[in-house]
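This is the structure, below, for whatever I ask next.
Order of writing sets the labels: A, B and C. Residues in every chain begin at 1.
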Amino acid sequence: MVAVWANQLLQGVMLGGLYTLFAIGLSLTAGVMRFVNIAHGDFIVMICYALLLLTSLLGINPVLATLIVLPFAFLVGFVLQRFLLQRVVGENVLLVILVTFALSIIIENGLLEGFGADPQKISGGWMETATVALGHGINVGLFQIVTFVAAVVLVAGLDLLLYRTGIGAKIRAVSDDVNAANLIGLSSVRIYAVAMGITFVTIAIAAGFVSIWTNFDPAAGPIRLLIAFEVIVMGGLGSLWGSLAGGIVLGVAQAIGGQFDIAWQIMAGHIVFLIVLALRPQGLFPKY
Amino acid sequence: MATTAAKPLLAVEGVSVFYDKFRAIDHVDIAVGSGEIVSIIGANGAGKSTLLKAIIGQADRVEGTISYDGNNIVDRSTEAIVASGIMLVPEGRRLFPSLTVEENLRLGRDVGRKGEIGFADVWRLFPILQERRRQKAGSLSGGQQQMVALGRALLANPRILLCDEISLGLAPLVVNELYTLIPQIKNRGIGILIVEQDIERSLTVADRFYCLLEGKVSLAGRPAEVSRDLVMKHYFGL
Amino acid sequence: MAPRFILYCLRAGFAAAVLAMIVAPYLFNANHLVLLTEFMSMLVLAIMWNLLAGYADIVTVGQHAYVGVGAYAFFGFTALLGWNPYLSIPLSGLIAFIIAIPTMGLVFRLRTAYLAIGTWVVAELLMLAAGKLVPWGAGSGTSLPISIILEFGRARADRLANIYWLGFGLAAVAMLMTYFLLRSRIGIGLTAMRDNEEGAAAIGVNITYARILCFLGTAPFLGMAGAIITLQKLRVAPPASFSIIDWTVFIIFNVVIGGIGSFEGPIIGTIIYFVLRQYLAGLGAWHLILLGTFSIVIILIEKRGLWGLIRRVLPDDLIPIAHKPSASFRPAAKAATKAAIKETAA
């Protein structure tokens, strides 16, 4: 009995790693540019389909495919911010919400037209089915562990980037005071574009893992956005490590709810989110 | 209009700056040479900060010519202007509060020109900052923040330094300290354009001055050559 | 004077259209009447979303929650409890209002985009919860019993007419409510707040009160619209009653294209939606792609939408909301300003 619950808990924690991957990019843009890209989840799905093309049409293995996609992802994010979103960034959040919302719908339906509504999945080969036995009847999927480790590594890496590099200092400066940055010759337009590019790299990494973890279809974007959103709000806006904590909380909540059925799995996540919002609206590790 | 004998490093010629339809600066001519301290005085709303923003490339609509080192920089990006040697110490310091002192200073070095001024010079000028280099800039006192802002600007190795109301909100003793640094900066051959509401302070340190009234230059000359009464008249537009 | 003439023509046209809508069941055939009823529901949803996003600065992407709640409440009152169907409509609005209270308590802890997505989370949760309700058919939903439908009229023509008038009535009340709200102190405060939140607070506009009022005020209308939609769809089911595409996505696109933050925008946007739907019906996913793209283009060109573009030419709104100084005040004000300018120039 203990083993069953321990397994569930562990699954939840590992799931939290996946959820952290979804959220980390959203946390960066929310912290730096102070807006939430409603199409975030849809971009994850879009890259899943790109990876599908690379792996199925060209027969490239998933890891290599993800690595190939990374620089293109950076470019997409950079261009998206520089030429579309930059035009609506500013005091009026309404426009950003509307534009990214419209983008979300366009991507979903574009993918629907292009690929059809059937769920897809990329095979992870041996890594997907291998399990690691931790003793006392507790088992964990190898792929799940790798995903969790990747999440931790990514959070640490972004932390390093932001706090130990020149570009990181510039990103933090722009996020502190965008007008002051412009006044001293620090081009906020360019920095925002770089930050979005970095976000899209994290989106590509998230896509790399989630395309193997579970099925995806054109309509899978919104649920990914809602998960990322709940993770960053619970973790505390602006906190990278908080996202990891938020992810784990959400993952565990879903794992417990998932004991009953899939609807309860998702509902449990939403309910825990609302409870945290009610009791501790600033999140677990708030920055602001 | 008083100018230096040699061609000035920075020459604002017939410049007007608009906010939508409102003309904030009206056909203004200003010149700053290397190693020269030029003061711009004027009441609130006279257009002083707007002028500096126009020079640094942050004004929306500018007519006229701003010539720097022989080139017209009116259409250049702030990034390019700063990289070529004009740096602003913004009104209200405008440091990045969550970054450390050292990180704020380093930004100045990153955006600026290659030159001789380095961290050693800044630590020598502001020893207290060296002590507090790892402290978050937001936790410093007003005077210390102003030092960081100045240090940041100096690390950009400017040939022209624009100072926007550096005495604002600071205690007189602190301002005294800051103003002793101005001649030291001048001695490095840097041209300094100081915008101040405090007439006494800025005229004491300046080689030349301009008085702005409602967007126009109402008086210009050398501080020694004009009476305080005349300056007051043109400051207030009486 | 030409723009003013056009304005008066438009106003006359609008008045004529309203009259036509009042007697619509006598003017239009059954199919068109069904379409018009649908139009009325969509219009209510558009007006409500516009009130929140365009005036109260509360962007939501979760209003489909209350439509679904209204639908399910209506089914509960009529099919399960057997109460009077006509009365059940405002009761459904009441249930939506009750659900809105704790929702507001939660999502108002967030701001801007976070608030918007928060409303989406609530909508998702309510939809999933609805799917657990066995008397309502759980995940696959169930049909509205024929007996309920017949209470709106034995003959089909009567039914369609009555349901239409309910829809029209709701739309009319929604428009009147919005009109009077915007012209009231609260409305002026909202506009002030929209332009400059700090300034508005400084002159005593109670922002929190205004936002609460708007958020809670829209819920009953959304709920009642949900009830009327159920009367047309004849079913309740989680994905249909809580459809984000139908009750949020399309609504947002319509208002944005028509003109956010104006009285006329939602009307124009909803009309365009129905016109486009006739032509784009067969395009499936392209319909949404085109609407989405068009929305982005409109936002980038003129964020006040098509009505904003029209307004660049017209001297005044179709339905004047802004207060103007009274006729006796105007000449005095002009003279005073002239005198003041003369003094400062001297």
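By our rule, a residue touches a chain if its C-beta (ideal position, glycine included) is under 8 Å from a C-beta of that chain, and two chains touch if they have at least 3 such contacts.
This is a predicted model, so every value here is computed, not measured.
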Going by CA means, which chain is nearest the middle of everything shown?
-> A
Ranked by contact pairs, first place goes to A-C
Among the chains, which one keeps its Cα centre farthest from the Cα centre of chain C?
-> B
What is the distance in Å between the mean C-alpha positions of chain A and chain B?
-> 44
Between chain B and chain C, centroid-to-centroid distance (C-alpha), Å = 53
If you average the CA atoms of chain A and of chain C, how far apart do the two points sit, in angstrom?
-> 33
At least two other chains touched by the same residue of chain B: list those residues.
-> none
Among all residues of chain A, those touching at least two other chains are none
Which bits of chain A are touching chain C when the two form their complex?
-> 35-36, 38, 84, 87-88, 92-99, 101-103, 105-106, 108-110, 112-113, 222, 225-226, 229-230, 233, 237, 263, 266-267, 270-271, 273-274, 277-278, 281
Residue ranges of chain B touching chain A (in the complex, touch as defined) = 53, 56, 58, 77-79, 81-83, 87-88, 90, 94-99, 103-104, 106-108, 110-112, 152-153, 156
The answer for chain C against chain A in the complex is residues 53, 57, 59, 61, 105-106, 109-110, 112-114, 116-118, 120-122, 124-125, 128-129, 131-132, 139, 244, 249, 252-253, 256, 260, 284-286, 288-289, 291-293, 295-296, 299-300, 303
Chain A residues within the chain B interface of the complex | 166, 169-170, 172-173, 176-177, 179-187, 190
